[in-house]
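Mind having a look at this structure? Questions to follow.
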C-alpha cells in the first residue's frame, strides 16, 4: 500500500509540511484563518536543524506496536492505515512511549492525534507531500525489500 | 563608512493580515532578510539584504509576501540615471571593479524580436505536425563537400565524427563550481533523456557524471582545469573555449571560497585556491596554434570526437570564424553579447561584444562565400529565449543553439543576478550544501525535459506552418524571415528582406 | 476444527482472540468472562470518575467484536478448575467446556492486607474493575474525606480521578515515596510535590495500624478521619487455576516466550502470567496493559499453530497526573545520566553499553525512541549518545539507519 516516505537528502527543513498538515487537518478553508496567531500541532514534525533535517510522521507499520499498546483501544489499523479514535483517547501517551519512530504527539487538547494520510480530510492526498517544495516527502508504494 | 549612500533597491512587502509567522521565509533566505521578532511576535525584514530572488515569495504558503522595487528615488536625469549613480557610489565606496552576473540587462537591440517568420498560405500548404512526420534531428560536424567513391566505385560512407541532437538545442557551458552539483546532475540527466548534450564548462567532469558521457560536451579552456585524457574521452565532443559572450577578451575567476571538496578535486586544483582562467590560451596566438590544439585533442581521442571552438561574438567574427573553419575544428560556437555568466566585470558585460544575430548572419554568409560552410557546423548562443529564437537562428544559418539562461530559469533561477555572492537561494549558483540540496535533480531534470519538450512541439508547429517538415530544410533559409523596423544596413547584414517586401 | 477457550475476558483475551484469528478463521472460541461487561479498558476507570470518558467510550473493542470474531462468551461465569489431562474447564455453574488450546487470562485481584478493624469500615472500595469504579462513583460526595491506602499507580490515578468531586484526599503508603515501583527517590519527590500542589495530601512511610469505623489509626500514632476508604495496596496474580491443575507458578503463572505454561495445550497471558522481562533478563509479572495484549496475541498465534515469540517485553509506564507526564521503562541499573531542565527530569540508565531504563518527567516527547533502544538492545556506540542524553530524537541514529527507518516499509 502507499505510504509517506521521507528522504532527508532533499529535506530543506523549511517546515512547510507541518503547516500544510495543520491546515489540512483544521477543517478550515483558509490557511490564514486556520493558522494565524496559533501554535500549530502538526501530525508530521521536522527534526534536526541546519545540515540534517527530516520530517517524521506515522510509518503505518506492518505490525504497529501503538495499536497493541493503546490502553483505550483507541488506535486501530484498517486498510493498512493506522487510525486513532480521538473520542476514545484519554491522552495517556502510552503510544508516545512505545512508538519507535517518535511519530506521535498530542494535539492542542492533549488528546493524541496522528497522521492518517489525509484520507479523511478534504485533501484526499497527504498535504505534506503535495506541499513539499523539494519532493523530500513522497507518497508511494514501496516493497518490503527496498 | 558612516553614511550609506545607496538606499535599498527593493522593498519587502508583507501582508500582515496573511502572514502566519511560519518562518519559512526566514529559513529559506540565505541573505538573512527575514527574521522573527520575539518581542513583537511578527516577522520583520531587512530589505537592504534582499536581492529579489523571489525564493520567499515562492515558498510563502499564504502568499503574504511580495518584493517590489523601491520607489525611493534620486532626481530623474536622463544622462545620470539611477543605476549609473549607484555604481559610482559603489566604486567610491569599494575602489573595486564592479561585478555582475547573468546576461547584459541593458536595453540594447534584440534582433530576434525584429525578425518575423513566414507561414504557408494557399499555394504551398502548411503541414500539421500532429498528423505528419516532422524531423527535428540535426547532426553537428564536418560534412563532405562532394561525393567520393572508392576504387570499387562505391560511395565512401565514412563521415568525420558527428554529434546527433534530437532537436537543435544544447545546454551551454556552465562549470561545476559556478553552478552546483545538483544543477549539473539535472542538466546531465535531462540531456540524456532528451537526446541532446550539455556542457561541462571549464570545471572538469565530476566522477559521478561520467555515465552521462554520451550526452556531454567536455570543455577545454584557458585554465585547463580538470582536463586529462579520461576526461577528454568521456564526452561526446570536446569544446575549446576561446571566449565567452558575457566577457569577451577576459578570462574567468572562480573565487577560492567556491573551490571546496569535490569542486577542487574535479578541477584538479588545491582547495581554497582561486581558479583563474587566463584571458588568452597561452599557447594560442594564431589560427595555426589553434589548429595544433584542435589536433592535439583529436589525437588524444583517436579522432573519434568532434571538436567545437567557442568564441565570443566580436567585431571581426566573420574573419575569425573563417580561420576556425580552416583549423580542423568541426563546430564553431558563437556566443553573443547577451550571454550569461556566473560573474563578469559589469563594464565588460555591458559594453563588449556584438549581438549574436548579426554575428551569425555574417559568419554563415562568409563561410558560404568562401565555400567552406560544410567544413563546420554553427552553434549560436547568448540569450536564446524561446522556440521562436531557435527557429530564427536556424533560418539565419545556425545548425543548433546553445541555451543556458533558459535552462537555469527552468531550474528555478529568478535572474536576481547575484550569482557571484555564492548564496543562490535556488540551489543553482552555490556550493553551500544546505543551499545545493534545494535543487532536487528529480525535479530539476523533469522541468528541463518539460521545457525542451515544449520547445520541440513549438518548433514543429512553426516549421509545419512554413510547410517545412525537416529542420535541415530550414537551415539558412532566410527567405522564411522578414525584418521589421530595421534599417537597410541591418537587413543587409542579416541577409533578409523587410516585412512587406 | 480447533476448540479454543479463554479464561478471562480482558485485554489479554482480546489479544489472544486476534492472534488466533490472524491464522485461524474457523476454530471455535469460547470466552469465560467473570465480569458482566464486554471487554473494556480498565486503566480508564480513573478517567471515568474524572468525567473524561464514559462507559460507552471505554469499550476496548467495538460492539460487534465477539460476533465478528465468532466467539461464544459466557458473561458472569467463573472458571473453577482446569483439567489438564482431559482438556476441560469446569465453570462455577457446573458446566464443563472442553478445549484443544486454553488461554488463562484470568488477570489479578486486589491484595487486601489483613488490617485490624477493616470490617468496621462502612464505605470501602477497591479500584481495579469497572464495577469498583461505578461503586465508588456512586458513593462520592462533595465534602467527602477520602483515604487512599497505597501511593502506587492505581491509588494515585484514583486520587486524580476523584479530586474535583470530593472534599479532601489523603494517600498513605508504607513506602517512603510515591510510585515506589517505578520511580527513584528524587523523581518521586518531584511527583509528590506536584500532587501536593494539586491538593493531594500524603502520609508516607506510614501505614494503617487499625481501623475504627471512619477513623484510621496510623502506625505513627496519627489518626485520620475519613468518609470513604480506597484500598489500592497492590494486586495478586490469579494463578490458582493453573497451580491446582499441576502447572508451575511463581508470583504468576510461569510461561515461556511463546506464552506456554508447563501444562500441555495451556497458555497464559496478562496480569496472571509471569513471562520473560527483557530488561531484567528474567521472568516477572508485568501487569501493564500493553504487555497483556502482546502476551495474549503471542499466545493466540501459537495456539493457532503459528510460531511467535514475545522476547522483548519490558516494564514501561506512561502516566500523567494533573498535566504532568511521567514515562518510565526498563530497569534502573548501571550508570545514570541525568539531564535536568527546569520543570523536567530525564534520567537514562546505561548498563553494558546498552540503555537499561529511563525515567522522564515532563519532557516525554518521542520517548518511544528510548523504549525501542531498550527493547532492541541497541548498542549505544552505534548512536549519538551525547545527543541521546539530552533528547529523544531520530537524529541520534546514523543516516543509514534513518534511511531504513523512513525510506522503507516497516
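Labels A, B and C are assigned to the chains in the order they are written; within every chain, residues are numbered from 1.
Here, a residue touches a chain if its C-beta (ideal position, glycine included) is under 8 Å from a C-beta of that chain, and two chains touch if they have at least 3 such contacts.
Because the structure is predicted, anything quoted here is derived from the model rather than measured.
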- Task: Count the C-beta pairs in contact for every pair of chains, then give the pair with the highest total.
- Result: A-C
- Can you figure out the chain closest to the middle, judged by Cα centres? A
- Measure off the straight-line distance from the CA centroid of subunit A to the CA centroid of subunit C, and report it in whole Å. 28
- How many angstrom between the C-alpha centroids of subunit C and subunit B? 70
- Item | Centroid distance [mean C-alpha coordinates] between subunit B and subunit A, Å | 43
- Residues of subunit C that touch at least two other chains are none
- Flag every residue of subunit A that touches subunit C in the complex, lowest number first. 3, 5-8, 47-48, 52, 54, 56, 59, 61-62, 65, 68-69, 71-73, 87-88, 90-102, 104-105, 110, 142-144, 146
- subunit B touches which residues of subunit A in the complex? 9-16, 19-20, 23, 31-32, 35-37, 50-51, 131, 133-136
- Query: Any idea which subunit B residues touch subunit A in the complex?
  - Reply: 17-24, 27-28, 41, 58-59, 61-62, 433-434, 437-438, 440, 442-443
- Message: So in the complex, the part of subunit C that touches subunit A is made up of which residues?
- Response: 11, 14-15, 41, 43-44, 47, 52-53, 57-61, 289-290, 293-294, 297, 316-320, 323, 325, 327, 329, 364-369, 371-372, 375-376, 392-395, 399, 402-403, 405-410
